[in-house]
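Got some structures for you, see below.
Common to both upcoming complexes is subunit A, partnered first by subunit B, then by subunit C.
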Partner chain A sequence: MTVTTTTPVSRTAPHASQRGPRWSLVRRKAAPYVFILPFLAIFAAFTIYPLVFTFRLSFTSWHGEGAARWIGWDNYTYLLSNPDFWASLATSGILWLLIVPVQVGVGLIAAVLLNSAKLKARGFYRTAFIVPFVTPLVAIAQVWIVVFDQNYGAVNSFLHLFGLPDIGWLTTTTWSKPTLALLFLWKTTGFAIIILLSGLQSIDTSLYEAASLDGASRIRQLWSITVPLIRRTIMFLVVLQTLAVFQMFAEPYVVTKGGPYGSTTTAGLYLYNHISVADLGTGAANSFLLVVILMTLSLFFVRLLRARD
Partner chain B sequence: METPYAPRGDRNKRNRARSRRRLTAVAAGITAAAVAVVLTGCGPQIESGSPTPAGKDVLQAPTAASPKGTITIWDRSGDLFNVFDATIKKFNEKYPNIKVNHQAVDIDAKLQNTLTTGTDVPDGVFLDDSLVAGYSQSLWNLSDVLKPFLGKIAKQKVAVNSIKGGIYGVPFDLDPGLLFYNATVLQKDGIDPATIKTYDDLLAAARKVKQADPTSGPIHLENSAFLAQLWLEMFASQQGTSMTDASGKLRLDSPAYKQILTWLDTVQKEKLGMRADYLGPTDINTLDSGKQVFVPWAMWFDFAPQQLLKKTSGDWRAMPLPAWSDGGARSGAMGGSSFVIPKDAKNPGLAWLFYKFLMYDKQGYSAVYGPNSVYPKGLNTSIPSYQPAANPAKPLFGTVDALGGQNLWKTAVGAGNQIPGGTPTPKWWASAVNYLGNNLEKMFDGTMTPDQVIQQSTQQIQTNLIDRQ
Partner chain C sequence: MSSLTASQTRLDRRPRRSRPAIASHLFLLLLMAAFLAPVVWTLVSAFKPANDIISNPLGFNPSAFTFENYRQMFADVPIGSGFLNTAVVLVFKGTITLLFAPLAGYAFAKYDFRFKSLLFGTVMVTLTLPIIVLIIPMLLEMKELGWINTYQALILPGSIDAFAIFWMRQVISSVPDELLDAARVDGCGEFGIYWRVVLPVIRPGIAGLAVLTVMNVYNDFVWPVVATTATNRQTLQVVLSTLAQNITGNKIGADYAHVTGELLAASSIALVPLLIIFIVLQKHFISGLLAGSVKG
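Coming up: the complex of A and B.
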């Protein structure tokens, strides 16, 4: 049995079809916008609003309570004329030099080895390289503190075996940055290897076979085939790690607290130092300056890539 | 790209499409600008005048005969949390209708955001004295409720909680500086501790120890910038001064600071000091091997011989600090904590009743400092700042075995009574570590002179902290 139901049409509200083709067109055009409204609302609440709020805050003196005081460009001029701000950028710059070129070089060699069909237990090595990356940083940092302790650390004990003197790995301005860079390298090189490995796997193996037939050595193949073909992957990695190094916060915060004497106060930690004492206006201005610097650096690398293309 | 030979109808279509795209872009731009303008209106109100003055809201005690409600209290996790937790039962015997929701919280990490956003604000918080001033704008002024007790609270504790005429913390402990010494080593080296009455005497005794054991570094020199600054302030507090006066003006450039820094520099230059992080591996090792024998530090150092030192545990004793000049005060305050009540608390009056019970009610302070399940002989890492509780004749905690059975209560209460008042703590105290604390460490490195520490720190603190308020 078939039951048929009919919906009564309201006398006051005309049926869609009665409103004519123009209304239908409007509805059809509006539909996509209505569908993306939830996304727009979330985007506005969690991206646009914080951005606008922070930008506005950067022109005020506000300590998290009461009314904020409008001070114009004062936060920016203070930061740009402050030696500590430039020192934090310099620290991040030095760490970048100690980390990124080394990571790209070591990562590339490791990725090439891992990509080799002749390598046995590849799965094991790939897991071993990624383990530091997925281990909680605070746990690693605590181990680092113990291992590099000047008096009782394993590293200095090892040096003693060869009659070498103690080194203040984390307590002297000379060694604190390399030690921190080593921690960052150890923690994130596995991630770099994974990125590079994905680039390597997109290269057609026939290119290597042809090069071998032509008598090209492994190193020649690396320089003439591998590096040019994964240049975009390398550049992507460089941009990604540049952002990570300039935003580096947890490593110096846990291991050195930014010391000794501010020698490991990175741009990220310097920014946090304002926020942690509720100097929110200066912190906001600092974050915008960092955004500008990081965007400039990223654009520089992208341009570099395009120029080569 | 438009081709020159495209039919006119197509061109018109394309032009219309381009116009529509432009219109859409303009509409999107206008919408974005409107959203930005609307959003800009959110957030804190902006005024062009001076910043909001320190909180004017003065807390009043509840008047109900049997007050009721729930309070959320934040404490740091660890032994003190357990001590305070154990007192809640006794509090409820007096106030059965107040439920205490006691939480162990990483206060340093959480409080700032909680107060800024006003979300899930607790009714009471345990806070370092050095941080109270920084949060004062978000806290209740407790001067009215504390009025009946003020005359009986250690002056130093009232001073560190006082900002622009208001009092923003319920003082908890008093942490007098004491001179801890290894009595066994001193006896072996023929030094009578009773002869150490001034800091010059301490230098002389350290030289003797160094002569007997050239590998020793008799006096502790603090290696971490934060604790070094706190330590410096103990020496300053002993002379009745601190980084700023009550009006917030810097006073590092004073004879008192010059004297302290010159003394510390002498310890460094003559290699009479053992530079180490407080109770770090080097510190513990040198304390336990008899290489480090003098620790001028807050009372809470007694935790080390009780819990951390193995070989020399019973060899240590405590005496009042040496004086900076003959007849001068024999103690200064180092560290300490208070209880604060946020303005956005739901039941601030009930939180006050809880703290009043803990600190100013005999049953309460006896439960905190007396024998309890956490400290069977009582809590002996500080003494009460409330003088009726700190009665020299009526110890709340027992003798300390790790200090050779010494009556530490008597020594500490006597020292505590000598701490001069008038040492306010500026809002930016913790941030000053980046300047004063670091410069102090540079002096210990031998790369800065006492005068340079004073001049450079003054300039840096003025520019980066005071002028930024």
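Coming up: the complex of A and C.
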């Protein structure tokens, strides 16, 4: 945006500042600084300062008491050579695979159906879909413990109705990740549907009419018109959910405590575990490794989008 | 449908449309059932005798309806103070967010100033930060300030977070520049433009931010857990989480049913306020969320 003086106009304007155009230009230059000041103060005190502190901490060995000992890159080399660190990333990676493609797929189908003007009861469905999104995570995570209990849980009782055997949802390494993924999917897919819906609403419907006349099937239309046109929205969702999945902490913390056998120790929970045993230097280094990984992943998705443009 | 005459129906080419329509509804109904089942199950099971919850998780015997789980839960869990603390944090943190995040978002969207791209870049980078990253230094900062177990520790950190700024910039970017220039020509001051021109236009976006803020504050868990050790300052979610620890911890066995009953009662009571708010405001809620997301 270019700053232009409005001298001739503001002189004739009835409400113009009495101190003249020069003064209004000064105010206009100063305005953005004033506007961001409250945000900047809070951001500096509770985000930037802690961040710098953490960065320094990542090069030290410190257990919360006494002086921190400078150890250079030791925390980083320790983590990078530690199989548990890689296992936590792998766990988050597997959860990502179980969550993001499913969410985008199911969310897209639901959003397309909800976007159709012909569908009855659209508002009703929309309302129902957003319900999980407004439930408190801790409350629902606790319900997960109860519902997926191997011996007393409602899910296994339901399976019994069909003669299916008990499944150790939260007690076996095979099922613990899918069960956790299910919690995440349940909680956030409604939000994904809303985001995708907002992308769909910006598409010109005449494109579909033309495609229908050309005899393109609904599935063909979805793949050839809808997906390319809202790929920005889809990418936005993918980036947002990638960040959320790799930062996932409260879910495994409440539901599985990272078990069984570390199978649900996500990158976020692994990081927390250093902190909970006051190994603060390692925790800080772990944070920065995670930030680098997440930024790389985000940039990768953005590049992917640019490449298609 | 039944009110349509035969000829209209034929014009509508109804037979060709009905099969996809049924499939659509089937898909949406199944999805809806999956989304609603855990909530309905929780609300219903909380009124079952504790032993029934685990011996017959799917059934419900109306004659066995009981408030016992709630009575027990209120006796064991300081849920009242949890609600109160959450409400206090919600009011103050919400006010700060809604006053200052749109203002900063406006500066980022509509002004050029020094360090703007550096600052906004920093904001975007912090979006990738897991909140746990900041926990250690924040905790030390709170100790330094003497803020452990205080409301200000729960309110100030994250009261204007990176996502709120990103969201508001997104919303305000769609306001045409001509509108602002016209106001300037009319002699409107810079804050006046924000207050009288921009704010009224972006009301749905603000509503969206309000929705997200209420939900984030109500559901926030990680920071309140570490910032409050005294029960009289713990928020609802923190109070709730101790119940889960009873289940996964040492109370397994005879007490399992008992704790489960309490837990479901507590979870239901935590679910209901947001559900009510949501159902009452659902129109604004969804249009608010739609306003801020990225358009195709």
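In the analysis below, the second predicted complex is superposed on the first by the 264 of 309 C-alpha atoms of A that agree within 3 Å, B and C clash if a C-alpha of one lies under 4 Å from a C-alpha of the other, contacts with A are read in each partner's own complex, and residues count from 1 in each chain.
Here is the rule we go by: contacts are C-beta pairs under 8 Å (C-beta built on N, C-alpha and C of every residue); 3 or more make two chains touch, one makes a residue touch a chain.
The shown structure was predicted, so the numbers you read here are calculated from the model rather than taken from an experiment.
Q: Once chain A of both complexes is superposed, is A:Pro136 in touch with subunit B (first), subunit C (second), both, or neither?
A: second
Q: Comparing subunit B against subunit C, which has contacts with more of the residues in subunit A?
A: In the superposed model, C touches more residues of subunit A.
Q: With the two structures laid over each other on chain A, which partner does A:Ile48 touch: subunit B (first), subunit C (second), both, or neither?
A: both
Q: Which partner chains sit in contact with A:Tyr152 here, subunit B, subunit C, both or neither? Use first/second/both/neither.
A: Once the two structures are laid over each other on A, A:Tyr152 reaches both partners.
Q: A:Trp70 in the overlay: touching subunit B, subunit C, both, or neither? Say first, second, both or neither.
A: first
Q: Should A:Val26 be classified as contacting the first partner (subunit B), the second (subunit C), both, or neither?
A: Neither: A:Val26 stays clear of subunit B and subunit C.
Q: What is the contact status of A:Leu57 with respect to subunit B (first) and subunit C (second): first, second, both, or neither?
A: A:Leu57 sits against subunit B and subunit C alike.
Q: Just to be sure I follow: which residues of subunit A are touched by subunit B in one complex and then by subunit C in the other one?
A: On subunit A, the residues that contact subunit B in one structure and subunit C in the other are 48-49, 53, 57, 149, 151-152, 280.
Q: Show me the residue ranges of subunit A that touch subunit B in the complex, using the header's touch definition.
A: Those residues of subunit A that touch subunit B are 44, 48-49, 52-53, 56-57, 60-70, 78, 82, 84, 149-152, 171, 258-262, 273, 276-280, 282.
Q: Can you check the complex and tell me which residues of subunit B touch subunit A?
A: 35-36, 39-40, 42-52, 112, 115-116, 134, 137-138, 223, 225, 281-282, 285, 428, 430-431, 434, 438, 441-442, 464, 468
Q: What residues on subunit C touch subunit A, complex-wise?
A: 17, 20-21, 24-25, 27-28, 31-32, 34-36, 38-39, 41-42, 53-58, 96, 99-101, 103-104, 106-108, 110-113, 116, 119, 122-123, 125-138, 140-141, 156-162, 165, 177, 184-191, 194, 215, 218-219, 221-222, 236-237, 240-241, 243-244, 247-248, 256-257, 260, 263-264, 266-267, 270-271, 274-275, 277-279, 282, 285-286, 289-291, 293-296
Q: Within their complex, state which residues of subunit A touch subunit C.
A: 1, 3, 6, 9-10, 13-17, 24, 27-29, 31-33, 35-36, 38-40, 42-43, 45-51, 53-54, 57, 106, 109-110, 113-114, 116, 118-120, 125-147, 149, 151-154, 157-158, 161, 186, 189-191, 194-195, 197-203, 218, 229-233, 236, 243, 246-247, 249-250, 254-255, 257, 267-268, 271-272, 275, 280, 283-284, 287-288, 290-291, 294-295, 298
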